[in-house]
Every structure is written in C-alpha cells, then in structure tokens.
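Following this line, the structures themselves.
Shared chain: chain A. Partners: chain B in the first complex, chain C in the second.
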Partner chain A sequence: MNRLKFFAALAGVVISAPAQAQSASDSADFAVVGNVPAICVGGSVTEAGGIFDLGILVDTTTGFLRSDLSAPSQVLAGSFCSSRSSIAVAATPVVAQTFTATAPTGFSRSVDFTATAAGWTTIPASFSTASASNPAAIQQRTTAFSGPITVNIGDFATTGGTGLRLVADTSYRGTVTVTLTPES
Partner chain B sequence: MARSSIMFALAFLPLCTMPAAAQEAASATGLPVTGSAPQVCTLAGGELQAGQLVNFNGISGDTLQVTQLLDQQTLAARPASATVSFSAVCNYPHQIRIQSENNGLWPTDGRQATDAPGFATALPYDANLTWGNSSGQLQMDARIRSNREERIDVDQATAGTVTLRLAILAGASNGGVNAPVLAGVYGDTLRITLEPK
Partner chain C sequence: MKSALFKSSLLMLPLYGMAAPASAQETASETASGQVAVTGSVARLCILGEPSRAVVDLGQMVQTSGASVGRIAALATQSVSLPGSFCNFAGSVLGVSATALLGDSAIAPPAGFSRAVNYTATATGWGNSDTAATTNAAVDGASPDSAATGSTQPSPKLGDIEVALSSFSAPQNALLVAGNYSGLVTVTLGPVPVTE
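Let's turn to the complex of A and B:
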C-alpha cells in the first residue's frame, strides 16, 4: 500500500509540472475581418406590373399617332446601392410585333420616345430612342443611396416623321431598362 | 508560433476578400412599353380637281350636277366629265368598293314613265377609280336599274388620294346612240367604301 502511495505521489508531481509553466502571462491577437461587397438592387416595381401600357396609339379618325399619349410613372421602390454608383437608362422604340415587313410609303411601324429615371441623381438619366447619341443616359452618384426611382416616358413621335401613319398591329412593344451599377 | 500563425492568416486576407469583391453587381430592371394600332380607314369629302371639269357645275356637298345634260337641238346626251379626289387612308391591307345604286342615270322621280317609244329613259356613264397602286373601272350601262359594284383588292396599307373620274359619253343612252332622252331629272348615287377584305 505504501509503495503504491509513493508512486501515486510521484506521478502527481510529474503531471503538475506543465501547469506551473502557465503561470507566465501571454497574449495573442486574432483579427476579425469581414467585408461589405458593393451591391446595387433595383427594387420592385409598384405600378401596373411594371408595364407602360399606352393603349391605342393612333387617332382613329386620322390614323396618325395620338398627340395625347401618356402612361403612368413606374416606381422602382426599395432601390439601393451600397457604394457610389451610376444609373443608366436605355430604351428601344415601340415597334409593331406582327407587321415585320418594311412599312409601305406613308406609313411607319415604330414609335420613338424618351425615357427618364429620376430620384437617384440630381439630373435624371434620360434616353431618347430617336437620338443617335444619348450622353445624359448615364448619371453618377458619389455616395451610397437608398430610395425610389421614378421612371417616366414621353415625347412620343412616329419614327420617320410626323407625316407618317402607323400600320395596324394589335401588338406594339418597346422596352425601358434601368441599370444601377456600383462603382469603385 | 502564435504570432506567426496570425501573420500567416493576415497574409491570406487579401486572397480571402477576392470572392467578396466579385460580388459587385449591377442591377437591371426592364419595363415593357406596349400599345396597339387598330385597323383604321378614313375617306374625306370629295374635291374637284382643277381643270378636270367638262359640262359639270361643280360639286355641292356630295352632289355633282351636270350643267347641260342634253343637246337642246337633238335631245341626245351631251358629253360631260369630272374628276373628283378624296383624301384617304387605310393602315392595313383592304379593299375599295365602288357601287352604283342605279347602274346609270335614271329618273329620280319615280312617277316618270319609263316606256316611251323612241325615247331613252336612262343614261349610261363610266367611273374610273385610282387608289394607290390599284385602279378599277365601273361601267354603268343603264340597261337594268339595279345596283352595280366593283371591288378592288389593295394588298397593303395605303395613304393618299382616291381619284374618281366620271364620264358621260356624247349621245349615250339606254335607247341607242344619240337617242333623244325623255324629259326629267336624272341621277345616280355612287358610293365609295374602304373596308376590310
């Protein structure tokens, strides 16, 4: 029994030796890192499913483009960019979808218009489908931002001249595209 | 060892942030613009073409009146002609229809006798029509009082002028050439229609 106790005591000394070495202070630094990527989100459209519905394009007594064409604004709600950004608006003319041939003399199958996107930058981004150059189509914002973007269309004109009439077609279609891009 | 391990981790930080940087993303929202152009045909009121009026008074409203229908000596029909233009448009492939109500100039008074031996009781005339690249002719022979019409297919949208030339030939009648014409007021109604095929 005594012999047994001795070995037990000896073993206790050996094992406790490393514990005595921890008595000296020490420190370690751990870096906690993360990042927020530059992200832009265009938000959701609140009006009429995001469609500019112009209805009947022509004056049915003359065949010419209606002078009172309009469509309610579309609002991109909840748009944000987590960094400085640019907003760009682009558009394609409203074109007859069924009548795809060249329009006969005196007629056109396309309507030009101007699209604007306001609320993101001091100067709204603007794009005219009739213009070969659209320098105002891209606008920069130097700070992160969150807010609605209001998109409007207007200044409708028959492609080729106001003296032309539109060919009959049950479906005319164009697009407006608003793009938010983060910038470094 | 501890510090080395930390420095090693720091050395890798830039590499670890690369995937995050790739998340920089643009957001594009497309908004369709839609509309429609229904089938439309319009036909304005007629206007006489200058210099194209022979033995006609002119146009008054929708009426074109012959100045002197008969030769006062022979009572045979005198020649007369007029060209009338109508501004028109059809924004789809269509047809133009010209219709004579009486197939000639017939007495407008229904009480007038129509069987006077030796006399003509109706006057034939021709109508030539031009519309875009199409043209047609309607001949009212005045043999039978009835409707007569001509339909012309137009295979594309057309805008411009419908031109109608009316002509009464000298001596024309339903009783033979140069037959004397029974006294009365003679008339016909021509109707021009732009419509779907």
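Let's turn to the complex of A and C:
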C-alpha cells in the first residue's frame, strides 16, 4: 500500500513537468538610441548663376530709373531644415561700384528694392532696403520642411527720391541674403 | 534407460539440499530489508546572460555635410553579447524582436522627411543558423515592429549569444527630422513553440 502511494506521487511529478516547461524561457531587452541634430541647408541657386541681372537701370531718354525693371525669380533648390526653423531675408541696395564718391546734387548712386523669399512660410519673408526696420524679414516655421525657396526682387526706387537721376556706372551691385536657422 | 533416470534424480537431490539452508537462514534472522527509490527532477530552464550593453547609443546619425547632408550616415554595426546563456534541454529556440528607432517628435513628418530609422538585428550562437529581424517602419513611424525565430537547437547548450545591429537606414532614404530617437531589441530563449 505504501509502495502504491509512492508511485502515485512519482507520477504526479512526471505530469507536472510539462507545466514547468511553459515557463522555461527567458528574455532580455536592450534599447537602441540615437539622435539627429537640427540642421538647415540653404540649397543652391539654380538659375542664371545666382544673379539677378536688371540690365540697364535707367530710361535712356530721361535718365530716371526705369519703371519697368524686373528680374526672373531665383530658386534655392534643395533647401531643408530638420527641425522648426526661421527664414530671414536681408538685402543691400543696388549701388554704383565705380562711382564711389557722393552723388552730385540731383543724382543718386543707389537703387532701393524689396526682396521676398517665398515657399518656406505662409507669409513670405520680405526685406525692403529703403526701410529702417523690417519686421517681416524673419518668419517662423514650426515643422521641419524641405522645399524650394523662391526669391523675388521688386519695388525698385531711386534712393533719395524719384526726382533723382542715377549716376552713370557700368556696374551697380546689390545683394540678397536668405538665411535658414534651426530653432529648438 | 532406467539407470539413466535414476542417475538424473540423484543429481538433482543435492541441489534441493543446498537451497534449503538459505531459506532456513532468512527465517532465523531478525533483520529485514526494503528498497526506497530516490528520485528528483530538473525543470526545463533557459537563462540569458546579462546583455553586455544595456543601451546601444548610435550617437548622431545623419551626415552634416556633402551631397547627402541631413540623410542617414553610414552607421557602424553594433554588437551586444549575452554571455553564458543556456538551455538545459534539447529543442530550444532563439527569438529576436526589434522595434525601429523612432524620433521623439510624434507629429507626422512633412513630405521628404522621416522620423524612423530601420535596422537589422541578427542573433548568432544558437541553433544552426542566424536569427535576423529587419524592421520596416514607414516614414511616419507606422509598423515599427519585426520579429524572427531561429532554428531549433537540438541539444542542451551553454554559450554566448551575439546580437549584431546593422544596416541602419531611413525609409526612402528621406531626410531625418531632428530629435532623439529610440528603439528596442528583445532576445527570447525558450522551448520551441507548440502550435495547437
């Protein structure tokens, strides 16, 4: 009788073994981490070598600034920011490069204009060289973005007033600078 | 013939006679013997060694200059060891599950961007072949999980399990949104799953 009980107990152990096998596994975790810094790339100007060529600035019959000045847009292709960002546009007037002396009375050696950078933000960033302050020159974007920035110039005006004529010079030059800045 | 029969019975007699003293001794003695079996069992057990690295830090993951600026750089293969892992029974199997690295910015990435980095986690040292799980998350981080089960280890085994993380890539080789990224690799060692 004792022996019978013993075998019964043994059988119980054998039966319970498969149940233990269900928890015979082990697992281990490890995290994989990395980071991406905030990067902005301005891209490259793809048209006409990056120059707004206005041609002859004056109406040759009057000597005043032409009223129909224009230049094709310049596109900054491949621009992106990997985080929220701001776009800023700045410009310097188109100034006579050879005639560096003060312009005589009735003349000016500088042309003001407004530069705009569109495509990045809902409201394009714009900068007027004639304005003392340009609050619209910096615009924010809350998300990462990749896309072309179209830069336009317009609203040309002779510095000092429309009644002034421009001094003759073979080279008038100004600049437009577009800056993308990542923001944290 | 008769004499032959007689001879054979004579030969058997001493055998009976010798057997008798043995039984006489048992009854005469006061001792008794019995048998008690000693048994035990060993549970089926699999234990993984502590990972050699609790965190695999890839650091900064994108190129910061050149034609592919902002896109994922060529990241070196990362290795993690689980030393002294064992299963004390035949028929164990290694499983690897991997979750793609996802950026901490949960908003949907703008066109041209990704917030996921995929990779392949390959575990070696168990069974006859490697166990590799390759994540295939989308640019917005959807479906980041991947799992793989290796071949059966036919005998109990003690050894090191090596996990290699390689082939880091961004979906569509998109630009990566700035931020901190994290993923997870889980290694599981256990019995071959029974399909019911």
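The rule is simple: the second predicted complex is superposed on the first by the 153 of 184 C-alpha atoms of A that agree within 3 Å, B and C clash if a C-alpha of one lies under 4 Å from a C-alpha of the other, contacts with A are read in each partner's own complex, and residues count from 1 in each chain.
We adopt the following convention: contacts are C-beta pairs under 8 Å (C-beta built on N, C-alpha and C of every residue); 3 or more make two chains touch, one makes a residue touch a chain.
Just so we're clear, the structure is a prediction, and the values are computed from it rather than from any experiment.
Partner contacting the larger number of chain A residues, of chain B and chain C: B.
By the touch criterion defined above, A:107 lies against chain B but remains apart from chain C after alignment on the C-alpha atoms of chain A. In the superposed pair of complexes, A:28 makes contact with chain B and with chain C alike. When the two complexes are overlaid on their common chain A, residue A:146 makes contact with chain C while staying clear of chain B.
Residue contacts after overlaying the shared chain place A:39 against chain B and chain C alike. In the superposed model, A:54 lies in contact with chain B only, and not with chain C.
When the two structures are aligned on the shared chain, A:182 is found in touch with chain B and with chain C. Of the two partner chains, chain B is the only one that A:63 touches; chain C does not reach it. Of the two partner chains placed by superposition, only chain B is touched by A:173; chain C is not.
The interface of chain A with chain B overlaps its interface with chain C at residues 26, 28-31, 33, 35, 37-39, 41, 83, 182. Considering their complex, residues 26, 28-31, 33, 35, 37-43, 45, 50-58, 60-63, 69, 71, 74, 76, 79, 83, 91, 94, 96, 103-107, 111, 113, 151, 153, 165-182, 184 of chain A touch chain B. Those residues of chain B whose C-beta lies close enough to touch chain A in the complex are 2-3, 6, 9-10, 13, 16-17, 20-21, 23-40, 42, 89, 91-92, 156-160.
Listed in rising order, the residues of chain C touching chain A in the complex are 37, 39, 41, 43-51, 53-62, 64, 69-70, 75, 78, 80, 82, 85, 87, 89, 101, 103, 107, 109-113, 117, 119, 163, 165, 175-191. Taken in their complex, chain A has these residues touching chain C: 6, 10, 13-14, 17, 20-22, 24-39, 41, 80, 82-83, 143-147, 182.
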